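Letters A, B, C, D and E mark the chains in the order given here, with residues in each chain numbered from 1 onward.
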Amino acid sequence: MIRESQDVIVKTLARLLVPFIVIYALYVVMHGHHSPGGGFQGGVILAASFVLLAISQGLDKIRQRLSEKTAGILSSLGVLIYAGIGLLCLLLGGKYLDYGKLSKLLPVEPAQARSLGILGVEIGVALAVMAVMCLIVFTIFSFDEDSGGDE
Amino acid sequence: MNDFVLGHYNYWMFIGLMMIGFYAMMAKKNLIKKIIGMNIFQSAIILFYISTSAKRGGVSVPILEHAAGGHGSHGVDVAHYANPLPHVLMLTAIVVMVATLGVAVAVTLLIYKRYKTIEEDEILMKIKEGSSAPKELVDVRSQKDSIKLRTNIEYRTRNVEL
Amino acid sequence: MIIPFDIILILFIFICAIAAITVKDLLSAVMILGAYSFFMCLLWTQMAAVDVAFTEASVSASIGTVLLIGAVYKTKRRSKD
Amino acid sequence: MEVTLLVEATENAFRILGDARKHAEGIIDSALELTSEETRHHEAKRIQEIFTGAQKRKTAFQNFIGTAVILYAFWVLLSGQFDAFHLTLGAICCIVVAYLYHDLLFANTRVGDMRVVAWRFITYIPWLMVQILMSNLHVASLVLRRKMPINPQVLTFKTKLETDISCVALANSITLTPGTITMDIRDGVFYVHALSKKVADELQTGAMEDRVAHIFMEADHLYVQDVLDAANIYAALRT
Amino acid sequence: MKIFSLISAVVVGVALIYGTMDMPEWGDPNSPASTHVSPYYLEHSIEHAATPNVVTTVLADYRGYDTLGETTVIFTAGIAVVLLLRKRRKTGGEDDE
């Protein structure tokens, strides 16, 4: 169980830094085409922002932002986005995960459609990784209190 | 000979790190030390794969220049970029590494909760004694047979803990 | 590529790996493992694998360290060997 | 410098005092017309609200807009690609993040002073640089001497700063300056480790603290408190 | 026990060193790993997917199945950790305590 930090410096600087960390993580996810990065890295940086908030504000406050139930839903939603894009390509007449066929839906040529498909897949991966990493960290850090509390 | 040693130095590195990790996984009694050894082992394997992708002589990262310049597949000089395939394989391997690390830590926490120690020899001793198990959990029939007792306790433990 | 830099990095990597498995304080061992991950990440940048280096820096050195710190925090800090 | 600051602050104070007096008179006059105790109590509350208006927190929507704008600037700085697709992506991301985290960036700030704070902070940085340079030279001269005449000590002082952010700015300024390190802040008391007598004395003069207070308008805040007290006394005298 | 571990680690290391005798040298541009499929990826990445970062293209497009399975592995790991560590609150009841 992580309690709220008593140190005013840690609290204030975490409060100021977290929105920028989140924006940086989203930048990493969205610009995976042009620079190093992608779903895995961005998702893990997002999870790290939640860990920083948990260190500074305590785990209970973080549960109001991202409860474990929401994290579970988000992780399965991420995998579902990935598989769903693949299935969409299947329905549009291509092979599974053949994003070129998305150009029937979107007003772009097939190469651009593949690029957009990659972006959607990366977002799904980022959601899944973020939720799973948060879930693992929160579960491990609240282990004793969770299971030993009412015995 | 000198050429051989210098030309293969990535393999020596990977073998050395792998031996360190392997030794830690086998010889160290502490479970967290074992997890650390596993981590080093995995990084060594990843290092091996990445080093096969490197090319001599000023290669660039596998991000193509003149990105927006249309369909210029002819302008790409393959020898000028590092091999992207091992990068992809190892990128996924790193994330799987952390996932396995999470599961390993979870199992370690369960073991600690059950036996109050993370030293392997003490755990084995406690399993042999059967002393740490609460009385009602130990099946009376298999008191004498320690192997049976052990499986039984583990089975019971799973029942209780999970 | 740059041989002296490579040699220094390899030296640090080996020192960190050996220290991580010999130190008896588990928290120190975990932190040394984080340092090991960062040196590894530098080495991979040296080998033009920026994506892998970025992944290692964000995944293994941050979340892995957090997970291991959680394990040490929930169990014992001292190790017998 | 100090004198001009003082004059400026005093002028501000007098202006605020005048405004406050006008408000107070109007409200109290209207309150006197309504004789019931209930309404008088209500009017007293309104006086309080007017005087504390300068310290009123920003609303959630203002926070949201401010956070989104700052984050979007950060996004453009990172991205460096100015086609419509990436800019739209950035806008969507910034709006989502600002919606989720609008309570983090602007906690404990007062209405309408962000620009002033930013400007004063920018002008504070060169001064801090000069301080850092000076104490760098001092510490270097200390440790390069053969006898190393250092005199480590821990000094504690109570700060007059009130908000978290100004405490953090002061603590980090102290830590950035070589020779002094903030070890802890507990209930407004700073525990600072100083390397020698000279840096400790410099810190004790409180110049840095005054400047940080000036940045975050803590001094103005004190004047508002004074005006509030004066108005209370005035109201008490009138009734 | 420690001696045994050390010996086996060294034996494995020697076996690996014997195995690396035939491996290509470090940074050989004509090694088998660099000549088989990766030139295709490098040459056609922009043409097929309009993405300069070849690693992203291979990760999410050419080898999308791989990444899908890998995301599933992470998801499974998360579920495994939660199932291992979280206590059941509603079901079970008495015989759990």
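In this section, a residue touches a chain if its C-beta (ideal position, glycine included) is under 8 Å from a C-beta of that chain, and two chains touch if they have at least 3 such contacts.
Quick caveat: nothing in here was measured; it's all calculated off a predicted structure.
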Set of chains adjacent to chain A and to chain D: none
Smallest count of steps, each to a touching chain, taking chain A to chain E: 1
Which of B-E and A-C has more C-beta pairs touching across its chains: B-E
Centre-most chain, if every chain is reduced to its averaged C-alpha atoms: A
Centroid distance [mean C-alpha coordinates] between chain C and chain B, Å: 13
Interchain centroid distance [CA atoms averaged], chain A/chain B, Å: 24
Cα-centroid distance, chain C relative to chain D, in whole angstrom: 40
Euclidean distance of C-alpha centroids - chain C vs chain E, Å: 18
Residue list for chain D, restricted to those that touch at least two other chains: none
Sequence positions of chain B contacting 2 or more other chains: 16, 23, 27, 51, 53-55, 61-63, 67, 71, 86-87, 91-92, 94-95, 98-99, 102, 105-106, 109
Where chain A touches two or more other chains at once, by residue number: 34-36, 38, 40, 44, 111, 129, 132-133, 136, 139-140, 143-144, 147
Residues of chain A touching chain D in the complex: 6-9, 11-13, 15-16, 18-20, 22-24, 26-27, 30-31, 34, 65
For the chain C and chain A complex, residues of the former touching the latter: 50-51, 53-55, 58-59, 62-63, 66-67, 70-71, 73-74
For the chain B and chain E complex, residues of the former touching the latter: 7-12, 15-16, 18-19, 22-23, 26-27, 51-57, 62-65, 67, 69-73, 76, 78-79, 81, 83-89, 91-92, 95-96, 99-100, 102-103, 106-107, 109-110, 160, 162
Chain E partner contacts - residues on chain A that touch it in the complex: 32-36, 38-39, 68, 72, 75-76, 78-79, 82-83, 86, 96-97, 99, 111-112, 114-115, 117-118, 121-122, 124-125, 128-129, 131-133, 135-136, 139-140, 143, 146-147, 151
In the complex with chain A, residue positions of chain E that touch it: 46-53, 55-57, 59-61, 64-65, 67-68, 71-72, 74-75, 77-78, 81-82, 85-87, 97
